[in-house]
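There's a structure below that I have some questions on.
All chains are identified by letter, namely A, B, C and D, in their written order; residue positions are counted from 1 within each chain.
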Amino acid sequence: MKANHTLRIGVLGPHDCSKEERKIGFAVGAELARQGAILLCGGLGGMMEAAAEGAKSERGVTVGILPGETASVANEFIDIALPTGLGAIRNAVLVRCCDAVIAIHGGYGTLSEIAFALRLKVPVVGLQTWSVVRNGKPDPGIHVARTPEDAVKMALKLATKSADRQ
Amino acid sequence: MKANHTLRIGVLGPHDCSKEERKIGFAVGAELARQGAILLCGGLGGMMEAAAEGAKSERGVTVGILPGETASVANEFIDIALPTGLGAIRNAVLVRCCDAVIAIHGGYGTLSEIAFALRLKVPVVGLQTWSVVRNGKPDPGIHVARTPEDAVKMALKLATKSADRQ
Amino acid sequence: MKANHTLRIGVLGPHDCSKEERKIGFAVGAELARQGAILLCGGLGGMMEAAAEGAKSERGVTVGILPGETASVANEFIDIALPTGLGAIRNAVLVRCCDAVIAIHGGYGTLSEIAFALRLKVPVVGLQTWSVVRNGKPDPGIHVARTPEDAVKMALKLATKSADRQ
Amino acid sequence: MKANHTLRIGVLGPHDCSKEERKIGFAVGAELARQGAILLCGGLGGMMEAAAEGAKSERGVTVGILPGETASVANEFIDIALPTGLGAIRNAVLVRCCDAVIAIHGGYGTLSEIAFALRLKVPVVGLQTWSVVRNGKPDPGIHVARTPEDAVKMALKLATKSADRQ
């Protein structure tokens, strides 16, 4: 497989999170690395750090798409830190760069990433995160997972389908 | 009041919409113009066109933040057509440019604008549109309006508060 | 002529400039307004302010594409202040939104706008500004003007040709 | 050294280039990899491909910041292909992500990257590329190199200084 065909999976989640939530992020990152996917995230702390730490624990590759202008704010588990200078708009660019995304918990930042992924037809897997409701019904665009392993499995499957369509 | 202190209110909604939905957009645009606000929108058809048509019916000023590279695709009620070349990411820039936004119906594009507005602390008024749910509860960030007049009143009030804080 | 077919001409120039340089910016803005064009600029001080002041002295319409997140920093001659939140990258979006641009003096910011305009095939008129040299020859993409009136005449002619091609 | 402190050096150059020009790009990429830097580029053909091929010949890491929405157009020497969906504006984001850039030959696209780098205070090394002239004098912001090895040496030195200042 050519390197540029390796799946890129985004892990989305909040800057502030509990120990329990970090464990989920770590497990998702570790499983992504075991499956050979590249991890993309926002590059900062909290869930982004937990997922990157998980990925590095399994020798995965991690990319941080940062909002600001300096790479030095990236968490220590990021291999390739990209300071885009785009501010919050980097959220849209981050999801655009992924073959699929996994959203875990999160606030408005994560919600903006989920919504942009839906808009850009980048598959979304949700783990204890937002749901979005239209006409009284939860939108099926967010694929709900139960466990980190489940989330990774779903994301890789959806990403492969999506990549095939290109 | 200095010209650059005129409130800029975004009207967000789908490209494809029914006659009934267009009536709502027209009424919102017209009321915004009567209240002296500048209307911002995505500049294309459907709800964006209906709102701009409403605003022009009351001699308002309309700005279209377009995704592509040509101004000529703007609807005919746009005074100032800005072809950003940003693709879908123009959604994020559009809401960033507003003092408040009113979302009416809409698909994933509108959802991405709502979510970005929440992220950027731009007040959001919703009229028969998405709700976003966290931990089983609808998030109060989307202020639900019942009528076009109601929506405009709420948006102007929230925008004024928001502008005062700057 | 439909409103959205009014030509949009960008005036590019430095934040810091001398009285003499401001006079040139004012004259360009005033002439653009007399010719019925919409003035776009970066919305801040110096040359951007001088050009907007000139345009308003002839009742023109002025748009400021701002780098930051607040409209209140716009100069007082801006009708429509758009705080894009894009930082320096707003330079690229600003020129993308224009049918032609006039660059007057300027530093690296103005150079970045000239270069992006060349890249995006937005016609560029230069007035005492940068030249860009390849293989020892000044690139003909920057159309050199001698006077403000000359610059406006050239920009409108080039913009009309460019708009016709769309 | 922490992974996210590895220097990221951009190689900028045209899509279309001669065999002779490709050799220069290959040599620059190879030398960057030998020196342990991460190579960033636009991810497409021509000079971007030559530089990435050079980097991979020395087992370097290569990142392609793509303009479009699909990763599959990346050249085969790109490890991490990031389809930003930003169109030509990706040029600005690409240089923003680098600690220094090396520009080789090139057209308006490369010029826009050089200019943005100057604007963003990202050090620029030029190898047979554009010069930019103000008041009749070539601007010293573009550090002129004679050979690929020279260019890499200068870029790494400037990047280190620049990173130290952060």
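Rule of thumb we're sticking to: contacts are C-beta pairs under 8 Å (C-beta built on N, C-alpha and C of every residue); 3 or more make two chains touch, one makes a residue touch a chain.
Since the model is a prediction, treat every value here as computed from it, not as a measurement.
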Longest centre-to-centre distance from chain D, chain (CA-based): B
Centre distance in Å when chain C and chain D are each reduced to the mean of their C-alpha atoms: 29
Chain A and chain C: spacing of chain centres that average the CA atoms, whole Å: 40
Chain A, residues touching no fewer than two other chains: 69, 85-86, 88-89, 93, 96, 120
Chain contact topology (line, ring, star, complete or other): complete
Residues of chain D defined as touching chain B within the complex: 69, 85-89
Residue ranges of chain C touching chain B (in the complex, touch as defined): 2-5, 8, 38, 61, 63-64, 69-72, 74-76, 78-86, 93, 96-97, 99, 120, 163, 166
Of all residues in chain B, those that touch chain A in their complex: 88-89, 91-93, 96, 108-109, 111-112, 114-116, 118-120, 129-134, 138, 141
